[in-house]
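Listed next: structures, encoded as structure tokens.
Both complexes shown next keep subunit A, but they swap its partner, so subunit B is in the first and subunit C is in the second.
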Partner chain A sequence: MKRAAVFAAAGALALALLPMVAPAYYATLMIPFFGYAIALLGFNLLFGYTGLLSFGHAMFLAVGAYGSALLAGVFGCKSFELVLLGVVCIGMAAALPIGFLCVRHTGIFFGMLTLAFGMLFYSFLFKFYHLTGGDSGMRIPRMDILGLELAQYSKIELLAGPFYYYCLALLIITALLMWRIVHSPFGLHLRAVRDNARKAEYLGVHVHRLRLAAFVISAAFGAAGGAILGFRIGLADPELVYWTHSGQLVFMTVLGGFSNFFGPIVGALAFTLLQDQLQSLTQYWRFILGATLAVVVIGFPAGIAGVLDLWPRFSARVKA
Partner chain B sequence: MSAFANILIGGVFHAAVLFLVAAGLQLVFGVQKIINLACGSFYALGAYFGVTFIAYATQFGLSPWLIFPGLVVAGLLLAVVGPPIERMLRSVYGRDESFQLLLTFALVLMFQDVFRFVWGANPRSLDNAYLIYGTINTRDFGVPVYNLLVIAAAITTAATLGALLTRTNFGRIVRATAENRAMAEALGVDVRRIYSVVFTLGAALGTTAGALIVPTAAASLNMAIEFVVEAFAVVVIGGLGSMRGALVGSLIVGLMRAFAIVLYPEFEVLAIYVVVIAVLLLRPAGLFGKPVA
Partner chain C sequence: MAAILGAGESMSVLLETRRLSKNFGEFRALDDVSIAVSAGELVSIIGPNGAGKTTLVNLLTGLLRPTAGEVLFMGRSIAGMGPVTLADHGLARSFQLIAVFPQLTVEDTIATALISRQGKRWHLLSRLASDEDIAARAREVAKMFGLAERLATAAAALSQGEKKLLDVASAFALNPQVILLDEPTSGVSTADKHTIMQILLAAGRQAGVKAIVLVEHDMDLVAAYSSRIVALSAGKMLADLPPRQFFSDAQLIAAVVGKQRQH
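So, the complex of A and B:
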């Protein structure tokens, strides 16, 4: 517990110092990391803590990005906070019926259902050109943060400066929130459902209701992450929800280690840096990423956090 | 009437190709309990290799008339990729489903760049091969004979697989292993060998389907990840692990797509997922699958 706090504080400090020492390029590279880290915190509530593997979770990132395009681009809402709040609500509203249908199933069937819902959303975005812009997507205009227009900054300066710290703050807030959630009685219930759903039910736990709650919460985090991704790119396009993007989310989580609270954040960081380095080295970066994934799955199923865990009691275990 | 017949034939052709890949997926799932996301990559591998194989064979004097058997041979030759990949999957057999899915996802990523490395980023196709066998013309519509050959090949494969699994000793052993691995092993079945053979067979079905498609469509980098979701829809609708399910599921998906493209292009893919979700919710085991406990 204490070690975890030290570890988290050191990480946050390092991230806070980064824009001062590293070139602006690396600071802007960190924006998608923040987006993915926030989304994966939610994803891991579902995967690591509740034991449900969603293979369509990119759907909620797309809700975040398309929601921003809708609220900021079409309805002209200039405040990023309001947009963030809006997409979180949309994400939860979308997750409620989808989750209601999906949580009755576990294991491979849950994965397939979420995959099918994701692809359903993809084909809607892709085919209904007049509503969604089809494969060219929807533009996301620049928004104000904290009510400040910040027009004097160029896009790069904005991303590497104010928006960087804004995202860092968001990540810290969402991580604290998630820490509270998983260490509450609710989080304990989720782990009980994961480890033995039937026994939990005998003890009076509402299994479906709990899973649905986890699903909706994870969707909210996903939408918030998607809004950050969209802010950086300035575009919401259907590739965001394609099944390979969902696979990439699972990849990051397993790379970091899903049985550790900080695993998904570490995984998002490692994946972002690895992908960036590989892309500048070779056009065959997918092969190396795939090989990395294979090595992690076969040899290090506990991920990077699991390797770090070899130092005894270094970090906060999910099992607790 | 002619439009209807054209759509019907187009749909059945698509269903034939889907069936071959889905049958491989079902076989592997039935025995090894692994959903192989890389089945689409086998399909793409077959397509790329088919183009290269026919190009070389033509240089060495292969008559254009032999393109169909040539492609079948090309597809079957690719069965060599089966055993090494099965060897790699062996490390996750007893593990959680998420690890199995992820490992095959890793294969998808790796294959993607293998194609890019070997065949480049541009689509590859066979020119002028499609209509070598001519078309059958009736009063108001024409069907390329090649399409009929592929449909016939799929039907033959379905019959052969059915006979292999139900009538031969090998089939009995495979079914016994699928039913209860430990018991089969206790009775002296070399389960490792069965797994290897079954996976190779599944891979060969996928690569052959891919090779057969190249006269009608180009081999491209996206075909692997696009096709796998369709094959996945087929096995979900038909029921995981069921051969009859693969047959019916591929007909449903193939025909539905063919009609949707013409009637409501916006709903081409959407309709398939609506059916998939409906089946998963109402009958999670699929139309022909065994109900899960």
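So, the complex of A and C:
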């Protein structure tokens, strides 16, 4: 626990120093990392802690981005905090009926159902052109942060400066929140459900309600992450909800290690950097990413965080 | 009928089946079984393999729905009550095949039941590690079942016998009124079986358990600890007798135990 805190503090400090020592490009590259890391904290509550693997989770990131476009672009809300709150509420409201239908199933059936709902949402975004802009997506205007207009900053300056630190703070807050959740009595019941749902029921654990709660919480984190992704690009794009994007979330989590609290954050960072470097090196970057995933799954099933955990200096028992 | 648990308890009926039957397709696994379990009793369900013992336990705990008849717990039909409601009302069970949470430690496994028992299921932001009520009680339960040294061990790393004890210990942690134990001593050496039974009875008294329903193959244990024996064969109830009367009926023993020994 203590070592986990040291590990987290060192990571946060390194991220805080990054814009001062690295070119602005790398700081802006970290914005999607923050968005994915927050979304994956939620995704892993569902996958790593509750045992439900969603193949449609990108729909909640899209809810975050399209929700931002709706609230800021259509309704003219200028405050990013209000938009964030709004998309989190929309994400949770959308997750409630979808989760209600999905969590009665587990394993491949849960995965396929979430995939189906994701693709339904994709079709909706793609086909209802007059509402969603179809394949052109919806524009997300620049919003105020903490009531500050920040008009004097260029887009790059904003992303590499104030918005970078804003996202870092959001990641720290959401990680602390998730840490509390997974170490609460509720979190223990989730892990019991993951390990043996039938036994858990006979120990008084509300299996379906807990799975639904985990689904809704994970959607809230997904929507918050999606809002950050949307803010960076200034566009809500239907590709956000395409099934390959959901697959990317699974990739990041497995890469980082889903049985470790920090695994998804490490995975989001590794994926973001890997993708960026590979794209600049070769047009066959997807091939190399695929091969990397195969190597990780076969050779290092505990992911990067699992490898770090074995390393004596990092043998912190950060596992929940 | 001797009051095995909590001497001086009133003999009110806690768990009852009325003309209970269960079909699996064409196969009748349980046929017209009526039993009643009263406070203070330890009722053993015996019979050869395939007699319907586990089917009966699964019906008593709501895991299966009866084809005909009903199960009453504290005078109320359990039809439609899920395992969680039953646990809340004071009915707990352990499983024939070891049921543990492989990645959870002994302490966390017991704490899972204590969270339900203490109504802390929806505490999303409170820190479990600093909940002394749960930690102290978990240590107490673990000690009772000889698992005190293994509190921080993951269930997957326990021996088979310890896993069995943990399965039972977590059910006891619910402080149930009635507990159903499906072969709690299977896979345990004969010498250890009596120790386990002593632990179960002591834990039952300590946890305020009013009645125990035991599915057991070992006739020495059944004879030594039961207040009543329910014998099943091919889904039918052959006898519902105190041990002394049961073991004095040679024909009955041949019908139930004899068959069992062939298996």
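Side notes on the structure shown:
Just so it is clear, the second predicted complex is superposed on the first by the 311 of 320 C-alpha atoms of A that agree within 3 Å, B and C clash if a C-alpha of one lies under 4 Å from a C-alpha of the other, contacts with A are read in each partner's own complex, and residues count from 1 in each chain.
The definition used in the following text is that a residue touches a chain if its C-beta (ideal position, glycine included) is under 8 Å from a C-beta of that chain, and two chains touch if they have at least 3 such contacts.
Bear in mind the structure is a predicted one, so any value in this text is a computation, not a measurement.
By the document's definition of touching, of the two partners only subunit B reaches A:Ile298; subunit C does not. By the touch criterion defined above, A:Trp243 reaches subunit B but does not reach subunit C.
By the touch criterion defined above, A:Tyr153 lies against neither subunit B nor subunit C after alignment on the C-alpha atoms of chain A. Put simply, more of the residues of subunit A are touched by B, taking subunit B and subunit C as the two choices. In the superposition on chain A, A:Phe100 makes contact with neither subunit B nor subunit C.
Using the contact criterion defined above for the overlaid structures, shared-chain residue A:His206 touches subunit C, although it does not reach subunit B. When the two structures are aligned on the shared chain, A:Phe128 is found in touch with subunit B, with no touch to subunit C. Look at A:Arg198: by the touch rule set out above, it reaches subunit C but stays clear of subunit B. Once the two complexes are overlaid on the shared chain, A:Pro185 sits against subunit C while remaining clear of subunit B. Overlap of the subunit B and subunit C contact sets on subunit A: empty, with no shared residue.
Within the complex, the subunit B residues that touch subunit A are 35, 37, 88, 91-92, 95, 97-99, 101-103, 105-110, 112-114, 116-117, 225, 229, 232-233, 236, 240, 265-270, 273-274, 276-277, 280-281, 284, 292. Across the interface of their complex, subunit B is touched by residues 47, 53, 55, 101, 105, 107-109, 111-113, 115-117, 119-120, 122-124, 126-128, 242-244, 247, 250-251, 254, 283-287, 289-291, 293-294, 297-298, 301 of subunit A. The touching residues of subunit C, counted against subunit A in their complex, run 61, 82-84, 87-88, 92-93, 95, 99-104, 108-109, 111-113, 115-117, 120-129, 131, 134, 167, 170-171, 173-174.
Taken in their complex, subunit A has these residues touching subunit C: 177, 180-181, 183-189, 191-192, 194-196, 198-207, 210.
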